[in-house]
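Input: structures, listed below.
Next come two complexes built around chain A: one with chain B, the other with chain C.
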Partner chain A sequence: MNIELLTLSEVVDVNGQAGNFTVTVRKNPRYIDMDKCIACGICAEKCPKLVKDDYNLGLSRRKAAYIQYGQTIPLKYAIDPETCIFIQKGKGKCLACEKFCPTGAINFKDREQIVTLNVGSVILSPGHKPFDPSVFDFYGYGRIPDVVTGMEYERMLSPGGPLHGHLEQPSNGKTPQNIAWLQCVGSRNTNKSDNGYCSSVCCMYAMKQALITETHIPGGGRQTIFFMDMRCHGKEFELYYNYAKDKNIQFMRARPHTIEAGPGGVGVKMLYSTEDGRKVEEQFDMAVLSIGLEAPRDALDLAEKTGIRLTPYRFAETGDFNPVASSKAGIYIGGSFMGPMNIPSAVAHASSAAACAAADLVSARGTLTRKKTYPPEADLAGQAPKIGVFVCSCGINIAQHVDVTALTEYAKTLPFVAYAENSLFSCSTDAQGMMGKIVKEKGLNRVVIAACSPRTHEPLFQDTLKELGINGYLVEMANIRNQNSWVHQKQPEKATQKAKDQVRMAVAKAGRIFPLAQMEVPVVPRAMVIGGGVTGMTAALKLGDQGYDTVLIEKSDRLGGNAWQLRTTARGEPVRPMLEALIAKVKGHRRIEVLTTARITSATGSVGNFTSDVEADGEVRTFSYGIAVLATGAAESVPVEYLYGQDDRVVTHLQFDRLIADDPDRTASLASAVFIQCVGSRDENRPYCSRLCCTHSVKAAVDLKTQKPDMAVFVLYRDMRTYGLNEDLYKKAREMGVLFIRYDLENKPQVSRDGDRLVVRVTDPVINRKIAIDTDLLVLAAAVVPNDVADLVSIYRCATNQDGFLNEAHPKLRPVDMAADGLFVAGIGGFPKPLEESISQAQAAASRASVILSRDVMYLDAIKSHVTEHCDGCAVCLDACPYQAISIIAYAENGRTAKKVETDKALCKGCGICQAACPKGGILVHGFTIDQLQAQVYAALDLPN
Partner chain B sequence: MIQFRVGWLAGMLGVHRNTVGNWIKSGALAARPVAGKRYAIEKELFIRFLFSQGIEPKTVDQITGTSETLPPLKGKSQSKTLKVEKEVPMSDKIVGSVMVVGGGIASIQASLDLADAGYFVHLVEKRPGIGGRMSQLDKTFPTNDCAM
Partner chain C sequence: MSSAFEPKIIGFLCNWCAYAGGDLAGIMRFQYPSDMRAIRVMCSGMVPPDLVVEALNKGADGVLVMG
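Let's look at the complex of A and B:
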């Protein structure tokens, strides 16, 4: 309601300054009236013009009148002026869509409009462009049919794609058995593509495609990935890599130089050299080019209009210490416009941009937004059920396989049904209006919607009822699409019969549902931030800046955490001045209270209203707060190998940073230095990759070479994971003469002392020789280990993964939310990451938190457990409850003490396990009571209840 | 907060005073005018800007270290200067809405966060519908969930 979608629109001009911009936007004509279009699809059906479908990357064709994809938002068709026959050729031509449109939505008089917007902040998140590999003639893309891009392959695998998920070889339509992936196409390459950076996502998507492919091919087929370094630097990525290896995905360290067409134009011939120098020609059925990400095509244009600066790769320029701020105040960058990044990073980055955009506008918060209000609910007590059944055709989605007319007639015969009708799209705005009218006219008090999934559409229908003054929980849905028409496409008669069963069940339940009240929890507008490192401080600052009182808790006696030991970021910005400024800001902020040597000892309540005791300097204080950010951090592990602790020339990364900062003369006097990567990471004990060490080592190596160009610097690595724009640093290091030698887990470097000399022995796989390096300094890239959060885990009932890192609610879409509402995770306590990514997450957590803190009350879902008079306190449900929402209480009854259970409505998620566990109907879940479920079961079996 | 005069900063950086003027005009150097022909800027923003211009850390330290006391305030007390600073209008009124350019997953997330936190959002997308690249993906690892 508070988001206006301006589709088919482009920014023309941006003027003004932070807090008050005037933006000119051009809205291109859609030629279809969005208010009238009901997305029936008839215009596309009748349109005679077939064009390549860019959504499926040209693998299929669509009409000139089209929607991008079935679930597109807004679900309104558009006419493509580039290809429409009428628009191109003019008078007297075609107009088929106009003739057949049942609602008269086609409007060829539509013209472009110029809209002027007045906004306080601007967020630029135009995304990226997939690399076009046709510039590489040696890969034969566009010439050899069986060479496709990763993006095209994604569409080929998709059940919603042009092949409906049935994988086919483009040349002959057969199922491919032997597929090869080629990594770094258009990434880490300056020959013909100018993209020196690593696209960071391709290793993982290739692996995912290979694993999914296995399930698409009977027998599994054979999948081979040709790579330079496998970059699995994210949370659980390394596990996925190991899983792929276990699943027999072949990983081949080689970079094929040429792809030729196979015999008769079928399949491909891949030419490459193996690591030991053999030349190989290998046949595959298909080759997938793992194309990288580029800056969007209109990056320059956008930069010109908004006045922001771009990097040489045409990504938006941002600072390390505010990774979303563009070079212009008030304009922020979100997502992959800043540089290639994966989905969770982009989501966090975008939230982070939202936090900054909002912080500029605090004084105007709530001035332009509206809140929805509903009429008071009518009292339906004592009324007999009067049920209305609304059968949706979902365009043709349902109607094609289910006889909706017969279903509607059948519904009318069911008990308590006062009305039944069929509509094309029950969810469309006009159908909702009609529904409202009918409910009023016929005095209906229960509604059954036979359509799609309640997961996506129930809130909409609940809203319609609420607008009519009827309790939203008086709607019941029968999913005759996902659970019926989609799966029974070949048996229309049986599908119709099943739909009747489903509607009968829904009606039986609808007769027994009753109004439910949503619980209101007042929100305490205060935030608790746990951890006083850069992440915690940044989160606190953003929350404080948005006007929320914030308590910042640090367990040690000073703020700053690991950042005290860091010298510069990968791009060379010094950490210390930023850190000192940040600490000063946090300490001086009137909204932030800092507690050092503090720890949290308890937590009760839930989202919107937590209460905790905090012990600080031996004194216990109680705070109530609405949300908590867990920025608990991590530490560098203590290596147990390579003579660490036995020779003072062997140091860790953080020790090295201190050394070069405190005693630059000593580092400048070294004759040689060796870095060993993955010390304690990616092994049996810690199977994860620590993400930041490759870049850190390379940066350190470059710094040493800058100090003293003739120093011999070696980096011994397993896979060089300088992801994203850090790849430039790797390139620079090689150009400066840093030597990189790869080793395997089975063949680790050996470090020994030979008299006074420190010697590192390793096998170089390129020359296939053992070499010994005399070194003055050995720097170990020690793993990052999470701080112990066992006490917080038990206090907040949250969870960590097997490595001890705090878990997020969803690995892709909710990267800073935790599973328990009102808790957020940010920084390296969630997974190792460099400073700039931690800052991005901290700001993202502040943004997500302010969504809760900006409200006065939280409405909890009314589907909650409820204790009845049958409860005798046997406590079976106590252990069954996965949310610890049930407790047992004693009370006096007739002079005796009796026991029963009590549920905490705020913690209860309405999962229903307690109801299933209870042997005597002592606890039930509203909306799914035994009585209601029983009615459905009897109806399903067509038995009298 | 750091205050400076255009000529002084130009001298420190060895550029023409018009260059500094242009930086401020274009918004690259996000400083705002305050009393006494001076400009004020957040220290952090200022340091970032200097680094983006490729200024040596040493020089940056020198500039940021000295600018708080320089140029001399000529008899005016610190508190008085602050008072004057407040009287200069910061900008026109602050507008409680945000434009988000793009319709992909990042834009959607930013828009939802802002709209839910009390700011009106105008989302500008050049295609007829939102969803972006992620809508084209089949599944996402590591859970192999449907991307839709």
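Let's look at the complex of A and C:
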């Protein structure tokens, strides 16, 4: 209700300043009235004009009247003016869509409109453009049929794609058996493309495609990934890499230089050199080019209109300490317009932009929001079910394949049905009005809608009932369109029979449903932030700036955490001044209360209303709050190898940062320095990648070379993971003469003392020789280890992964929410990440939290578990519940102590695993009780119940 | 088995995945046999095993629990 979508629109101009922008938007014509379109697809079916389907990258065709894909939002068709016969050729031509559209939604008089919007903040999230590999003639893309891009391959693999997931070789239509992926096509390359950066996502997507391919080919086939460095730097990505190796995906460290067509134009011949210098020519059925990400096509144009600055790669310029702020106040960047990033980073980044945009608008908050109100609900207690059945024709979508007249007549014969009718479109405003009238007139107290999916339309019909003063949960739907008429188009009789069964099942359930109340939870508008590092402070600041009282708890005696030991960001911005300013702001903020030497000792309640005891300086205080952000952080591990602790010249990253900051003369006097990567990461004990060390080492190497250009600097690594724009730093380091030597886990460097000399021995795979390096300094990229959060895990009943990092609710789509509502995670306590990414997550957590804190009352869905009189406290359900929403309580009954369980409605997600586990019907889920499910089973089998 | 055999299949479909997939199959007009009767549930884990057995005992030829 509070989001207005402008589709087919483009920004013409942005004027004004933070707090008061005027945005001019051109709305291009859709030629289909969105209010009338019911997405039945008849326009597309009747349209005679076939054109290339952009969504499937030209691998299939669509009509000129189209939707991009099945999940399009809004789900409304559009007419493509570039290809529509009528629009192109004019009067007297075609108009098939107009003729057949059942709702009269086609409007060829639709014209471009200019809309002016007055807004306070602007967020730019135009995404990225996939790299076009046709500039590389040596890959043969566009010339050799069996060379495809990763994007095209993605569509080919998709069950919803042009091949329905049945993989085919483009040249001959056969199932390919032997497929090669080529990494870094249009990334890490300044020859022919200007993309020096790493696109950050391709290693993972190639691996995913290889693994899925394995399941799509009978016998599994053979998959080979050609790579320079496998960059699996995200949470649990290394685990996935190990899994792929276990599944026999071949990883070949080589960069094929030429692809030629195979014999007879089928397959490809690939030429490459292996690491040990052998020249290889190998045949594959297909080659997939793992294309990278580029700035969007209209980046320059958008920058000009909005007045923001771009980087040389044409991504939006942002600051390290506010990674969503563009160069212009009030304009924020969300997602890959800032630089290549994967889904979880982009989602967090977008939330982060929302937090900043909202903080700017705090003085006007709530002034333009809309809220719906309903009449009080009538009490229907004790009334026998009186069911009305409304059968929808959906134009001809349903009526064409299901005999709706017979269905309506049939419905009238079912028990408790007092009324049944058929309408052309049950969802139209007119039909809704009529339905309301009939419900009132006939005194109906249950409604069955036989139409489309409850997933899309139940809220609409619930709303209709609520407007009549009837509980919204008294509606039941029979999905006779998506799951019937659309999928049984050639079997009208069977479809009609199925529709009757579906209606009978819905009526059977409707007879057993009752009004349900949405629980109201008053929200305490206070935030609890645990952890006073940069992440925690940033989250607290954004929450405070939005006007929420915030308690910031730090276990040590000072704020700042790891940042005290960091010198600069990867791009060279000094950390200390930012840190000191941040601490001063947090301490001076009137909304933020800082407690140091503090810890939480208890937590009760749930989303909107938690209560905790906090022990600070020996004193216990109790706070109530609506949400909590867990910014518990991580630490640098203590290495147990490479003479660490036995020789002063062996230091960790953080020690190095202090050294170069405190004693630059010493570092400038060194003749040589060696960095060893993955010290305690990516091994048996800690299988994960610590993400930030590659960039940190490269930055440190560059700094040393800057101090003293003739210093011999070596980096011993397994895969250089300078992902995204950090790749520039890697390139710079090589240009400055830093030597990078790769080693394997099986053949790690050896460090020894030879008299006073510190010697590092390693095998260089390029020259295939053992070398010994005398070094004055050895810097170890010690693994990042999460701080111990066992106490918080038990207090909040949340979870960590196998490595001890706090878990998010969903690894892709909800990267800062935790599984329990009202809890958020940000920073390196969730996974290792550099400062700027931690700041992005902190702001994202503040944004997600404010969704809850901005309301006085939260309404929880009524589909929740409840305990019945059959519960005897056996507690089987306690362990079954994945949300820890069930607890056991003792109570007195007839002078004895009895037990039963109790559910916490705020924690319960209504999954009903408890109901399946309970042997005696002691716990059920509203709206999906065993009785209701059983009624549907009996009705499906046409048995009396 | 004769080709005329038309099984009665009860499908318990998780609202968040299988049922959504059923809806999407509709949008994409995938044609499939009409023998299943779907019951929407909020999680495939909420289906009591007893009910699956009961459905089979009462004449269902098959029960699909999808989630």
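Heads up, the rule we're going with is that the second predicted complex is superposed on the first by the 775 of 945 C-alpha atoms of A that agree within 3 Å, B and C clash if a C-alpha of one lies under 4 Å from a C-alpha of the other, contacts with A are read in each partner's own complex, and residues count from 1 in each chain.
Heads up, the rule we're going with is that a residue touches a chain if its C-beta (ideal position, glycine included) is under 8 Å from a C-beta of that chain, and two chains touch if they have at least 3 such contacts.
For clarity, every value in this text was computed on a predicted model and none was experimentally measured.
Visitor: Between chain B and chain C, which makes contact with more of the residues in chain A?
Guide: B
Visitor: In the superposed arrangement, which partner chain does A:Ser453 touch: chain B (first), chain C (second), both, or neither?
Guide: second
Visitor: Would you check which partner chain A:Gly160 touches, where first means chain B only, second means chain C only, and both and neither mean what they say?
Guide: both
Visitor: Could you say whether A:Val23 touches chain B, chain C, both of them, or neither, answering first, second, both or neither?
Guide: First partner only, chain B.
Visitor: Tell me which partner A:Ile73 touches in the superposition: chain B (first), chain C (second), both or neither.
Guide: first
Visitor: By the touch definition at the top of the document, which applies to A:Tyr55: first (chain B), second (chain C), both, or neither?
Guide: first
Visitor: After overlaying the two complexes on chain A, where does the chain B footprint on chain A coincide with the chain C footprint?
Guide: Residues common to the chain A contacts of chain C and of chain B are 71, 160, listed in rising order.
Visitor: Give every residue of chain C touching chain A within the complex, in rising order.
Guide: Those residues of chain C that touch chain A are 8, 10, 12, 15, 19-20, 22-32, 34, 37-43, 45-49, 51, 54-55, 58-60.
Visitor: Report the residues of chain B in contact with chain A in the complex, numbered from low to high.
Guide: It comes out as residues 26-28, 30, 43-45, 47-48, 51-52, 57, 61, 64, 90-107, 109-145, 148.
Visitor: For the complex, which residues does chain A have touching chain C?
Guide: 41, 70-71, 160, 453-456, 479, 481-484, 486-491, 494-495, 497-498, 501-502, 505, 863, 910-913, 915-916, 925, 927-928, 930, 933-934, 936-938, 940-941, 943
Visitor: Quick check on the complex: what are the chain A residues that touch chain B?
Guide: Per the touch definition, chain A meets chain B at residues 1-11, 16-21, 23, 25, 30, 55, 57, 66-69, 71-76, 78, 117-128, 130, 151, 154-155, 157-161, 204-205, 207-208, 211-212, 236-237, 239-240, 302, 307, 309, 317, 319, 321-322, 325, 327-329, 334-337, 343, 346-347, 349-351, 353-355, 357-358, 360-361, 363-369, 546, 572-574, 577-578, 581, 811-813, 847-848, 850-851, 854.
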